[in-house]
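Next up: some structures, all given as structure tokens.
The following pair of complexes shares a single chain, chain A, combined with chain B in the former and chain C in the latter.
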Partner chain A sequence: MVKPCWRIGAGMERSKINPTKVDGLTWYKDLGLHTFGEFSMAMIQANSVMEDQCQIESGPLTFNNPTVQGTFVGVYDGHGGPEASRFIADNIFPKLKKFASEGREISEQVISKAFAETDKDFLKTVTKQWPTNPQMASVGSCCLAGVICNGLVYIANTGDSRAVLGRSERGGVRAVQLSVEHNANLESARQELWSLHPNDPTILVMKHRLWRVKGVIQVTRSIGDAYLKRAEFNREPLLPKFRLPEHFTKPILSADPSVTITRLSPQDEFIILASDGLWEHLSNQEAVDIVHNSPRQGIARRLLKAALKEAAKKREMRYSDLTEIHPGVRRHFHDDITVIVVYLNPHPVKTNSWASPLSIRGGYPMHSTS
Partner chain B sequence: MALVRSLLGAKKILSRSTASAAPKGFLAVYVGESQKKRYLVPLSYLSQPSFQALLSKSEEEFGFDHPMGGLTIPCPEDTFINVTSRLQ
Partner chain C sequence: MINAKKLMKMAKKWQQRAALHRKRISFQRSSVFTSSSSTVEKGCFVVYTADKIRFAFPISYLSNSVVQELLKISEEDFGLPTEGPITLPFDSAFLEYLVKLIQRRMDEDTEKALLLSISSARCSFQPQEQQCSTTQQLLVF
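Showing the complex of A and B:
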């Protein structure tokens, strides 16, 4: 039985809800309303072309069952170029709705199918473009998707972005990580790859003091990265640094998401979804404490700023100087960062009290130095 | 020579400041092959192609994960001085 059981908070002030804005390299929406409460989004560019993308969709999650209402949140951290993350932002939500319509509900299978078909379609695009744009075979993206529906939160993750829940506990708030990550520098991800490729002694190689799959990439699952999925792309004119010395038959990377399902309780206050650019500077608990102790308005930008202050400290410079650095060279100081904070509002159902459907896309187009 | 002096001047600033934060408009870089020496350089260097080339070398060696925290440039010190002394 699919029955939404949360509604937006009463007495929401419309005046607090802000438009999306761009300020230099920062894109943000300080406060908005999704099906079950408020949200805040912010992104900052470091690469010469912004490779992160994100979106939030709120309203019906199927085409044929109006009672299945919810919120979809996506964070897509691209690498090798912006094409894969943009492709995901264009395609994954309509696919999720299509598969959800078949069974008239949201499920783990529906979400996994949306990931699989997004990857398959992106690889079709790579094949089509191979004669004119072979470098598309080395473009990929992490994909983190959260679906809040029917009192449950589904977190599906391919790659190394992260979702963290803030759960109130004894006067404070505790960080509960909801996502499972796929990065070769995690023991679990290495064990998985070694067991899948027992006869390949170079499946994982330590390079630049970090583990990398085949010595080239840190993520162990992704959307795209066709050169590590199909041997037909492992040849000229793909750049030599992406070509593997030996032939392979089995895909090296997979697009399968790890999915967790959590039943929300009244203690669950918010979820932070962010690309690894944020988490390399802030711990789960630091991020959750900032959100718990600050006003909702502009909270995503506040998290960005906290991460950038840490980045400046590591590089032994002032935060104000860091903010002056141009994209491209800026990647030496921090990565592209995307952060979305979704507040959860546990109230009983009141029929026909939905927030109006919402669709927001962040990260494209942004500043380009080319 | 003026630019070498500015580097030396920067080092003087370093001797007065702790490793916490560089003075406004400067950042720390660690230069050298085995032994790394800390220099403070003006932010304007970051937009110079020859300095960016040094950073690309560092990217080849470390990726973006610099072992000292601060930017690390794994070239001989005299190469670094040679490059930066030509910068405006």
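Showing the complex of A and C:
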């Protein structure tokens, strides 16, 4: 179920313990402490309703094994509405803990199961709401999750958000991309779809100089998007622009995450996790250079500003004028952006985090013009 | 109401101005004038028209429903630009005409009718003859 309004109250309650700030369309937490070091978060809204969501959870990763401590970071970039990204933020971490408790440890399978069950439960919600709210069938979200535990970092990704590691190297820092992305404008994602649907000549269609799955969506994997997973939703009253002309039997999009596992070394300084709103304006190397060369306090907001300055430049306008634009129409100038920087200490900050688990949720509630 | 004589005069003015390449609508002076290519105008956002003319409008224009409709049409026709500026699928003469109407603060009914005709007319903007007939149709207001 999509959480009702009381959830807003619960969020505020939580933010009293871990204060976060809102400045106009920007939400941020300039510096906090997770199990393995410091972190910084920032988000900015461009859509009339904020579709990005994010969270950081630090402390026990199972319900039954207190020795499995770690940090969970999630970036959820919704499309077609905020419902899917909010659903993920409400559900994926408890599911991860549930599956981790079964095997009393974190593993690739545990994370993949959490993704699969989150998607399955969201589709159940869509089915339930179909008679009264059929447009839920066209709501979806990218899902990027990072788990840092036992000297390993697991990066699981469904969609086109990105995680980049900053690794120190000869006086500078090198960007190492940890996530595998699923966007039709990447050759690997197209090849995967073409091989999965060899008999469908319109599985990928070029529209507005960009590849789109069935001519409608750029991401090739996602949570939600029920209309591209189950043919039962490919009918009225779903809006015509989401309806496919032909019947399909096999799901077109999948929710399977691509998972990478990296053993952390002392050279690994930080990880940046962000929605594609950031990466369309900053390269991996530009982003890690900014983080490496700037103070930690407010680093996520600094990255956000760097991306917005680039967006303003592309639109031939001033950054200060861009910041004056109201949500909704603002989407013509940039996307919703979420960025989380997680600094990595070689040793867990045991005294702080074990005593008080941390839970911060960003992006909900935010400014709404509708 | 715009009479035929006034209309001819306006059309002539636009033709002259269409010959200029970079334009800026200034709302302090309520007139159209050129701006040098390298300036980033303070307090403005920029759009290009299909005939590659550059317009800078005050940010406040983004809350106008006609401007919002134009941006929506641009998104539907071209997608959201990832690298460069926003381009509208209309030519500069048509945009100047719309701006004149916006400046005059049309009443609610005129605005409604205009919104309707922009969205219903936009598909026929590519072929030259149809574009003229659409423009004429719009000038009836």
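The rule is short, and it goes like this: the second predicted complex is superposed on the first by the 344 of 370 C-alpha atoms of A that agree within 3 Å, B and C clash if a C-alpha of one lies under 4 Å from a C-alpha of the other, contacts with A are read in each partner's own complex, and residues count from 1 in each chain.
Assume a contact is a pair of C-beta atoms (placed from the backbone, for glycine too) under 8 Å apart; a residue touches a chain by one contact, two chains touch by 3 or more.
If you're wondering where the values come from, they're calculated on a predicted model, not measured in any experiment.
Asks: Judging by the criteria at the top, classify the pair chain B and chain C on chain A as clash or fit.
Replies: clash
Asks: Based on the superposed arrangement, let me know which partner A:331 touches: chain B (first), chain C (second), both, or neither?
Replies: both
Asks: In the overlaid three-chain picture, which partner chain does A:210 touch, first (chain B) or second (chain C), both, or neither?
Replies: Touch partners of A:210: chain B and chain C.
Asks: Touch test for A:321: chain B only (first), chain C only (second), both, or neither?
Replies: A:321 sits against chain B and chain C alike.
Asks: Which residues of chain A are in contact with chain B in one complex and with chain C in the other?
Replies: 208-210, 314-318, 321, 324-326, 329, 331-332.
Asks: Going by the contact rule set out above, which residues of chain C touch chain A in the complex?
Replies: It comes out as residues 40-46, 54, 59, 62-63, 68, 71, 74-75, 78-86.
Asks: For the complex, give me every residue of chain A touching chain C.
Replies: It is residues 207-210, 280, 314-318, 321, 324-326, 329, 331-333 of chain A that touch chain C.
Asks: Inside the complex, what are the residues of chain B that reach chain A?
Replies: Chain B residues touching chain A: 19-22, 24-28, 43, 46-47, 52, 55, 58-59, 61-67, 69-71.
Asks: In the complex of these two chains, what residues of chain A are touching chain B?
Replies: Residues 208-210, 312-318, 320-321, 324-326, 329, 331-332, 335 of chain A touch chain B in their complex.
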